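So, here's a batch of structures to check.
Presented sequentially are two complexes of chain A, the first with chain B as partner and the second with chain C.
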Partner chain A sequence: MSLSEYLKDRFLEGTGARLLLLPALALIAIFVVFPVVWNVYVSLTNYALTGPRARIYGFIGLENYIRIFRDPSFYNTLRVSFLFTLFSAIIGQAFLGLGIALALRMREPEGILGKITRALKITASTLVFVAWIIPEVVAGYAWSAITSKGGLVSMLLGVNENIYVKYPFETIVVANVWRGTAFSMILFMAALEGIPQYIYEAAEIDGAGPWKRFRHIILPLISHAILVDFILITIWTYGVFTMPFMIVGPSGQGGPAQIWTLYVYYNAINVYEVAYAATAANIMFLIVLAMIIVYLRVMGFLRRWW
Partner chain B sequence: MGKAGFIALIILWLFLASVAVFFGIPLVWLILSALDPNASPEFKIPSTISMENFIRLGEPVSGVPPYMWIVNSTIISTLVATIVTIASILAAYVLTRYSFKGQSAMLTAFIVFRLIPPLILALPIMILYRMWGMMNTIHGLVLAMSALILPFTMMIAESFLKSIPATYEEAAMVDGCTRLGAFLKITLPLAAPGIATIWLLAFVTSWSQFVLPLMIIRTPSLMPASVGLQFFFGEYGRVEYGKLSAFSILYSLPVLIVFLIVQKYLKRGIAGLVTR
Partner chain C sequence: MASVRLDHVTKIFPPKTIAVNDVSLEIKNGEFFILLGPSGCGKTTTLRMIAGLEKPTKGRVYIDDEDVTDLPPRKRDVAMVFQTYALYPHMKVYDNIAFPLKLRNMPKDEIDRKVKEVAKLLRIEELLDRYPKQLSGGQQQRVALARALVRHPRVWLMDEPLSNLDALLRVRMRAEIKRLQKELKITTIYVTHDQVEAMSMADRIAVMNKGRVLQVGSPREVYHKPKTLFVAGFIGTPPMNFIKTVFTIDKNEYVLSGQNFKIKLPRQLGELIETKKGLDKEVILGIRPEHIEVVEQPIEKNNIVEAEVYVVEPLGTETIINIKINDTIVKVKTVKEILLEPGAKIKVKIDPNKIYIFDPTTEEAII
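Coming up: the complex of A and B.
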């Protein structure tokens, strides 16, 4: 077989085609996999952002890990991250998203009343969607402005102070609910559309009221969607950085709103302790990895059994 | 409609209206303050409505005229979108047209990569770039950003190419077309809307990205809009609200337009998670 024949028949048809994977795999290997590994290495050194330890740094073993597990600010950030994710993702986004999705499915009456209902539905769902797609820095800026002294929120609460200073944790929770609800809304809308109309009708004929219909028909039929939604928004909310950064700054107003992403940034950039920040990032990465594995398991289970 | 039905309708209206108010207020404030030459955090209808804030975006902030940041963002996002679209299509072609060992593991790995919080990567990339001399470079930012977005576009590309039957290509090859020819003449035109979607989504994702440029780019004149925007927060806590809102709106426009184009596809993608 000549070389050109080999290239044409064997190479392109078989092994050679895999070369097309190369650009994608190279990018991922150099800028995703390698950095994650490098982060582990850095966490075992005393590397700093500036000063002598930025140039000459040494291997210090597990010292950073020992130090971090004795650091109260690390436990603070663990607690704040957990509460932030719980309140903002599960309690906020998921429930509000489900509520809006249900409201959008409500029947519209005939005539002018129906037209008003329809207009309200479109306005509400469009605004939820826009809040989700505008650049995160813009969302962060808008929230930091309206929670500033003299802004709408401080007027409504009758507090003539910066709300994001007085209630930093609550502010980033609410702002993140605002930002992320659209995903749950769209997911639940899709799940609700998947329920055939005749099931509702049958239940109505059998005399089931709205609550019973929700509890015994809708809820069981969308339980898989709720599961998928919970896991995904938990992973995403846990990794949120930009909006809290814009609203409460890297220190999280001195701690009360310092979720782990802010903690990592603060230690690396503001305190110059890059290796220590890498240590925190690695521990937090293990947590998110565990959540991703749960997600993969759940999706695999659903694909097989549902 | 009975009395109970009417009350239910009113409750529905009140709920939808409060949703609209909650989600609308920050957006409405953004628009009102952009049109107000004397903008402040206060929620008010401007006494004089003018485009002054938009015009004043020509004036330099921190030595850089703000439109430069939009230009930078355009260059960066165009490069990123083009790189990831090509890389995704090529990889997705192999993943959907050939079968080899480790294929499903590779797809799973891409789901994992897609869910990693960007900051986890941004920190070590900054450390590596300081070693590699790639801090403050556009090509450094473009490469890292491409890698960050690639898992997302890869999966879209994979689902698009999977929906185009390989039998079309096989038929063309039976008729004497080469594999490359079949791909270029049959699959590529069929995938064109998908490719456009991938490019646009990659463009706006990179357009909005914040963490990577924040860690990598330190020179104001090289910054994309997401990071340059920080300079409107002047020293001593003084914020130029009017100009910043005007800039925010200009900066958000491309994203809004793209999502208007691709929203159907996007909603179908999310629906795909929960429907068979």
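Coming up: the complex of A and C.
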């Protein structure tokens, strides 16, 4: 090895390698770290989007935080966000996803019935996938169209009104279930695939009917997948913005469908209170952070046990 | 304890793979019955139809004269040991064994008593607190046997339970399973492709090939009186040798005539072949390796075949000599210590009282 080659090697191992990381680190700093830090700073000021406080603003300490904890609409947002996550992620996506995954694994009977079952399976899984891969804005627009007055849903329900106005919370829950079920379905399909066929057969011979097989064999064996699914979809659903925004808009202060992302949007864009919105975002950031810590803890725990 | 009967059972996997073709069997109460055949012969599918894991396309399955064809596995009261053991990975050994009893809502103290009893029988008492992944293959196998035994099923089904074990353990477990079966007198249907296993364990063997049962009989019967070329070639280690010959009369005596040898047949045997097959016909001569003898200085001229040594396989107590008779490789088993080099010319003697004769077209045994 010549001297120049040796030097090149050393360079790539040490300083050089670090230099190569710089562009990526710079991008992360600009687009991830800086907004978080800036957001914390803004929440401690009285900065606004327009008006005099947009040009001249000052440090006001924890005033925004004190104000937000006295704001009933903030508590409404916490409650709506919690219920939205509970119904659309845990109850909707996870349970429906598991149900579809189990149904797709069902043995097909012989003959014409088997062909129908197979066709149904393919149709169902395709629809679920399509819901997942359509661009969010398109999906949101489609949902607002079918839930508007004279749209498909209002016709089916026989309600001659804008469904997304009359039932805004229910609408965004159903839309989000529709959109997100595919992830849970795929996760559970993979988990079920991991259970060898002979385990089911052994349970069948040991005397377990369908429910007992599910309860004693399937459920314990996919429990880790269920946990991972719960945590991931909770975090994701918690941060959903585009579809609900497309369907119900910022949803008015204290509205029944005002999840926290819409609350932040409303305060920053509709009433120009950027600093206040930043405060709300910071609190939500802490909640998500707590969830991620729980997630990582649970994962570590599972890795030790499985 | 029960008897099992298959009545013209056929299984076709769509579109048209015929896995089991018109199989009728009758397994007696308390019998150790083995389904033996090469892989893909339909033996496992047959077993799975008895278990209820597959539904026959045609035919009926009876346990104790009760038609169980349409019953799901859990209503048949059979137990099965899988090739992969199929232990529940999330349950401790104790719970694995107790699972079938729990499903039957048995009281806790009775479950405990039964689990401990069967654990003692299989000598796995000290493993009850472990998870399956903490066990060796042999231990897992015992747990699988315990789980199948604990509820005293009507029929015990085993699908190649020993094939995942190493050779030494396999021989030991073979004896153990046989002892258990004899002790408990549970009707047992056992699938294997290993003819040594079948010979050493079974009360009766059904030899299968291509979805059909070719012969059913005791190990002695299928060994000594194979009905077809396939059965003869499948049972015995090393397998039976087959040599093409012509059955004819030479100098007023019945002979099997090969390219450069003649085997004189006893009068009675010759007459039998003549009535069954006729004279001057091509037949296949079957002879087991242990019934060919290497002779250094032949005293008589009859039944001596000249051959060339092809390869020698010493196995310790015995030696397998592969010889070439014309273009056919023939295996000879001998316990004598013979030093032979490949290519050496030797003479072997075929015992005419130990031969089998097969029809080359139907592949069925003539005698």
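Operating definition for what follows: the second predicted complex is superposed on the first by the 294 of 306 C-alpha atoms of A that agree within 3 Å, B and C clash if a C-alpha of one lies under 4 Å from a C-alpha of the other, contacts with A are read in each partner's own complex, and residues count from 1 in each chain.
Here, a contact is a pair of C-beta atoms (placed from the backbone, for glycine too) under 8 Å apart; a residue touches a chain by one contact, two chains touch by 3 or more.
Treat the numbers as computed from the prediction; the structure is a model and nothing was measured.
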item: Simultaneous placement of chain C and chain B on chain A, clash or fit; value: fit
item: First (chain B), second (chain C), both or neither touched by A:Ile146; value: first
item: Partner chain in contact with A:Ala281 - chain B first, chain C second, else both or neither; value: first
item: Touched partner set for A:Glu136, first chain B, second chain C, both or neither; value: first
item: First (chain B), second (chain C), both or neither touched by A:Gly209; value: second
item: More chain A residues in contact - chain B or chain C; value: B
item: Partner chain(s) touched by A:Arg297 [first = chain B, second = chain C, both, neither]; value: neither
item: Minimum distance between Cα atoms of chain B and chain C in the superposition (Å); value: 6
item: Chain A residues contacted in one complex by chain B, in the other by chain C; value: none
item: Contact set on chain B toward chain A in their complex; value: 1, 5, 8-9, 12-13, 15-17, 19-20, 22-27, 29-30, 33, 40-43, 83, 86-88, 90-91, 93-95, 97-98, 100, 108, 111-113, 115-121, 123-128, 143-144, 146-148, 150-151, 154, 178-180, 204, 207-208, 210-211, 225-226, 229-230, 239, 241, 244, 248, 251-252, 255-256, 259, 263, 267, 270-271, 273-276
item: Chain A - residues contacting chain B, complex; value: 8, 12-14, 17-18, 20-21, 23-25, 27-28, 30-32, 34-36, 38-39, 42, 47, 96, 99-100, 103, 106, 109, 113, 116-117, 120-121, 123-124, 127-131, 133-139, 141-143, 145-146, 148-152, 155, 178, 181, 183, 186-187, 190-191, 193-194, 210, 222, 224-225, 228, 232, 235-236, 238-239, 241-242, 261, 264-265, 268, 274, 277-278, 281, 284-285, 288-289, 292, 295-296, 306
item: Chain C residues touching chain A - in the complex, by the definition given at the top; value: 14, 51-53, 72-74, 78-80, 82, 84, 86-90, 99-100, 103-104, 147, 151
item: Chain A residues within the chain C interface of the complex; value: 110, 196, 198-199, 201-209, 212, 216-217, 220-221
